[in-house]
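What follows is chain A paired twice: with chain B in the first complex and chain C in the second.
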Partner chain A sequence: MFLKIENITIRLGKFNLKDIHLEVKEGQYVTIIGPSGSGKSILLENIAGFYTPNKGKVYLKGEDITYKNIEDINISIVYQDYVLFPHMSVYENILYGLKKKSTQKADHDKEVREIAALLNIDHLLERKPLTLSGGEMQRTSIARALVVKPELLLMDEAFSALDYKIKKEMRKLVKDVAKKYGTTVLHVTHDFEDVWAMADMCVVLRFGEILQVGKPDEIFAHPNSDFVANFVGTNIFEATVVRKEPDLTILKADGFEVYSSCEAKIGEKVRLSIRPENIIITTTKIETSAKNEIEGMIIKVEKRGHIMELSVQVNSIILIVMMTPNSYEHLSLALHSHVFLSFKATSVGLY
Partner chain B sequence: MNFFTFKFFSIALSLCVTLLLLMAILSLFFVPKFEEVLEALQSSEMLYSLKLSLMTASLSTLLVIAVAIPIAYALSRYDFFGKAILKTIMNLPMAFPELVLGLALLLLFSRTYVGDLLHYFGISIVFTKSAIVIAQFFTALPYGIRIVYAAFEGISKRYENVSRSLGYTEFQTFKNITIPLVRNGIYASTIITFARTMGAFGAVLILAGGTYMKTEILPITLFLNISYGNLGMAITSGIVLITISFIAILFFEYMEGKKSVFED
Partner chain C sequence: MKRYWFTTFLVFLGAIMLLFLTLPLFKMMIGNDPATLLKTLKEADVSSSIWLTMKVSLFATLFALVTGLPLAYLIARHEFIGRSFLETLVDIPIMIPHTAAGIALLVAFGHGSLGGFFDLFGIKFIGTEAGIMIAMMFLSATFLINGAKEGFKKVDVKLEKVARTLGASPIKVFFAISLPNAKKDIVNGCLMMWGRGLGEFGAVVILVYHPMTAPVLIYDRFTSFGLSYSAPVAAVMIILSIMVFLTVRFVNNRLR
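Moving on, here comes the complex of A and B:
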């Protein structure tokens, strides 16, 4: 395994990172999500060597790096607040790590200019950091981290201070550059768009414990707990397995039936999860391949940027459904409209 | 309209106290006759005192800064056993009278193993010029540490983390990153320390003895001459001290007003 975090425990006064176990393959892009204070940044800084654990080990390419000197581990870190050295130019900032980590002095200039061009900051090399925009500072900080060709790149909410458009550009840029250099990335974020756009694997952390690890699709569609479901904005409600059909489990939830492709035993009480964006909303019954179709009433409408969030009441259960404002208008929907919700059996997760 | 508001009261009080302080300072310049001051300035006692003051204050300032930087860094960056007690002890000389500090140092260098050890190696401290530097050092050290400590606290540890992760050792990071980032704090600390060492009196008097033309620095000149009733010499020492402090503060304001590394 490329990176193995083995039962790491860190006690920091009232906060503890508890028995963290995580395995990451080479070249993977891993996002770590969780509410504030869940220990995401401490986990990253522990991997980099800034925190010594009370218990457990960290292995990089099979080598135990738990107590190794920070400067001897080939891991780079990028912070949200860029942390560019203000007394050095952009060029000197990028060169700083190279001077220590690469012995080929003759190639230094070429390498700095190459990564600067890749990150579109080659025209800023003589500038001091504080004359740059947020996006330019973050590109510089990423260039400084990547130019030393780290085995592992750690990003601590690296995009959160950037505006929407720059963030979108940065996601593509970082993903492309990490791929080009074959860098394994661990990226702490609060933004689910980072997860969707970049992650091969996602880790959910809460109160210093890992709650779920998996592909983003798995985490968002099949959360393993109420907390993860709520955190990632997935609909959850209770249901009981009433019968089985080939490849299907049929559940009863407050007066209506739901088909799921997940396995469960008859009579078992489970929690059921459906992503809001996997539900199709119509005003009349439609012919569709979706196994599930239920009737409800819109009780709340909220506009969230370019997305409409509708709360639909089905008996005592409230489901959140997402749609575009155009579709909302096209269907002539309004508060208290009666609607039909359709979703595939494969979209229904059980835990 | 009510003129006696809190705003009015606080501004009026500030002006009154400042005026009083200004009058006190100006009286130093206007009370004596110009010829008297000129004569005192050229006297061998004043020249000796000024030279010794500048030499000892410069040396003790250098020593304070050399010690304050690592101590302030340790207090700011590391957690260790007894850190809180160490901080309190370091700050103590700021809180208790200089005379008591002088007495404590006198006992340390004469009645303890430290004194015995120095005596064994033929080094005598008490009532010598070295005693002036030591007394000034301990008087100014807490001020020096406090200012540099505040500068280190103002710098995110993340700068050091990034430098370490880019292959630099703790000391290389301290030298290449931390020190340039706290540059202005070190300047400020140096100026304040220098002003403090120039004005140190009580501790110097007890430990160095305040002997005429031997351990006589400017505050001692002022004290000795006022005791003899030689007002002209006493006032002139005061003027010289005020002028040096004023230049130091002006330099401090200039350095503070200069762009920091964060604004380049």
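Moving on, here comes the complex of A and C:
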């Protein structure tokens, strides 16, 4: 395994990182999500060597790096607030790690200019960090981290301070550059768009514990606990398995049936999860391949930027559904409208 | 005017304090004609005492820089049991009467085992420049240490962390990242210590009367010959100190 975090425990007064176990393959892009204070940044800084764990080991390419000198581990870190050396130019910032880590001076200039061009900051090399915009500073910070060709890149909410447009550009840029250099990335984020756009694997952390590890689809569509479901904004409700059909499990919720492609035993009480964006809303019954169709009433409408969030009551259960304002208008929806919700059996998770 | 009554009130009270602080110095500078000041400066005992004061205060500052800077960095960067106690220890010397500090230094370095130890290397503290230096250092190193400590605290610890991940050892990080970014406060701390050292009298006079530092010379002339004989020396000392102080501060403020 490329990176193996083996049962790491760190006690820091009131906060503890508890028995963290995580395995990451080479070249994977891993996002770590969780509420504030869940220990995401401490986990990253522990991998970099800034904390000595009370228990457990960290292995990079099979080598135990738990107690290794920080400067001898080939890991780079990028922080939210860029952390550029203010007394150095952009060029000197990028060059700093190269001078420390590599002995072949001849190529340094070429390498700095190459990565600067890749990150579109080649015209800023003589500038001091304070004269740069947020996006330019973050590009410089990423260039500085990547130019030393780290085996592992750690990003601590690296895009949080950037505006929407720059953030979108940076996602593509970092993903492309990481791919080009074959860099494995661990990216702590609060933004689910980072997860969707970049992650091969996602880790959910709370109170210093890993709650779930999986592909983003799995985490968002099949959360393994109420906390993860609520955190990632997935609809959850209780249901009982009433019968089975080939490849299908049929559950009874509050007065309606739901088809799921997940496995469960007859009579078992389970939690059922459906992503809001996987639910289609219509005003009349429609013929679709979706196995599930239930009737409800809109009880709340909220506009969230370019998305409408509707709360639809089905008996005692409230489901959140997302749609665009255009579709909302096109369907002539309003508060108290009666609607039909359709979703595929494969969109229904059980835990 | 009604809208700004509070600011006006602050300006009024602040002006009283500013006047109080600057008036004696201003009066001293304009109260002596330039010819008298130049003549005073040319007197051998005056010029040598001023040179001695400035030189020894500089040495005290340099010594405190080498030993106080690591202490300031430790306090600023590390959480440890007894840190507040250590900070209090650093602050204590500026709170005790200077003559009492002089007596304490005399007891510690003048006689006994510590005095004997330094004596082995030919270093004596009674009536020597080394004595002036420890007196100045004891009462003014706090300014340098606290200045540097505040400077280091202002340097984002993440700058140091990033530098470590980029392959720099802790000592390289200290010299290449922490020090350059805290230099403004460190230089200010040095300046405060040096300036404070120039004016040290109480502790110096107990350890070393001769060779005379400028404050001791001023006191000596005042008690032996009166105000008219000591005032020009005081004026020269004030003018020179202010000139050096303003020059260093101006240069430091231009540093990034």
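As a convention for this text, the second predicted complex is superposed on the first by the 351 of 351 C-alpha atoms of A that agree within 3 Å, B and C clash if a C-alpha of one lies under 4 Å from a C-alpha of the other, contacts with A are read in each partner's own complex, and residues count from 1 in each chain.
In this text, contacts are C-beta pairs under 8 Å (C-beta built on N, C-alpha and C of every residue); 3 or more make two chains touch, one makes a residue touch a chain.
Computed from a predicted structure; not experimentally measured.
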item: Combined model on chain A: chain C and chain B, fit or clash; value: clash
item: Touching partner for A:75 - first (chain B), second (chain C), both, neither; value: both
item: Partner chain in contact with A:100 - chain B first, chain C second, else both or neither; value: both
item: Touching partner for A:67 - first (chain B), second (chain C), both, neither; value: neither
item: Contact residues common to both interfaces of chain A (with chain B and with chain C); value: 45, 48-50, 69-71, 73, 75-77, 79, 81, 83, 85-87, 96-97, 100-101, 144, 148
item: Interfacial residue positions of chain C with respect to chain A in the complex; value: 156, 158-159, 161-169, 172, 177, 180-181, 256
item: Chain B-touching residues of chain A, taken from the complex the two chains share; value: 45, 48-50, 69-71, 73, 75-77, 79, 81, 83, 85-87, 96-97, 100-101, 128, 130, 144, 148
item: Residues of chain A defined as touching chain C within the complex; value: 45, 48-50, 69-71, 73, 75-77, 79, 81, 83, 85-87, 96-97, 100-101, 144-145, 148, 150
item: Sites on chain B touched by chain A in the complex; value: 156, 158-159, 161-169, 176-177, 180-181, 261-264
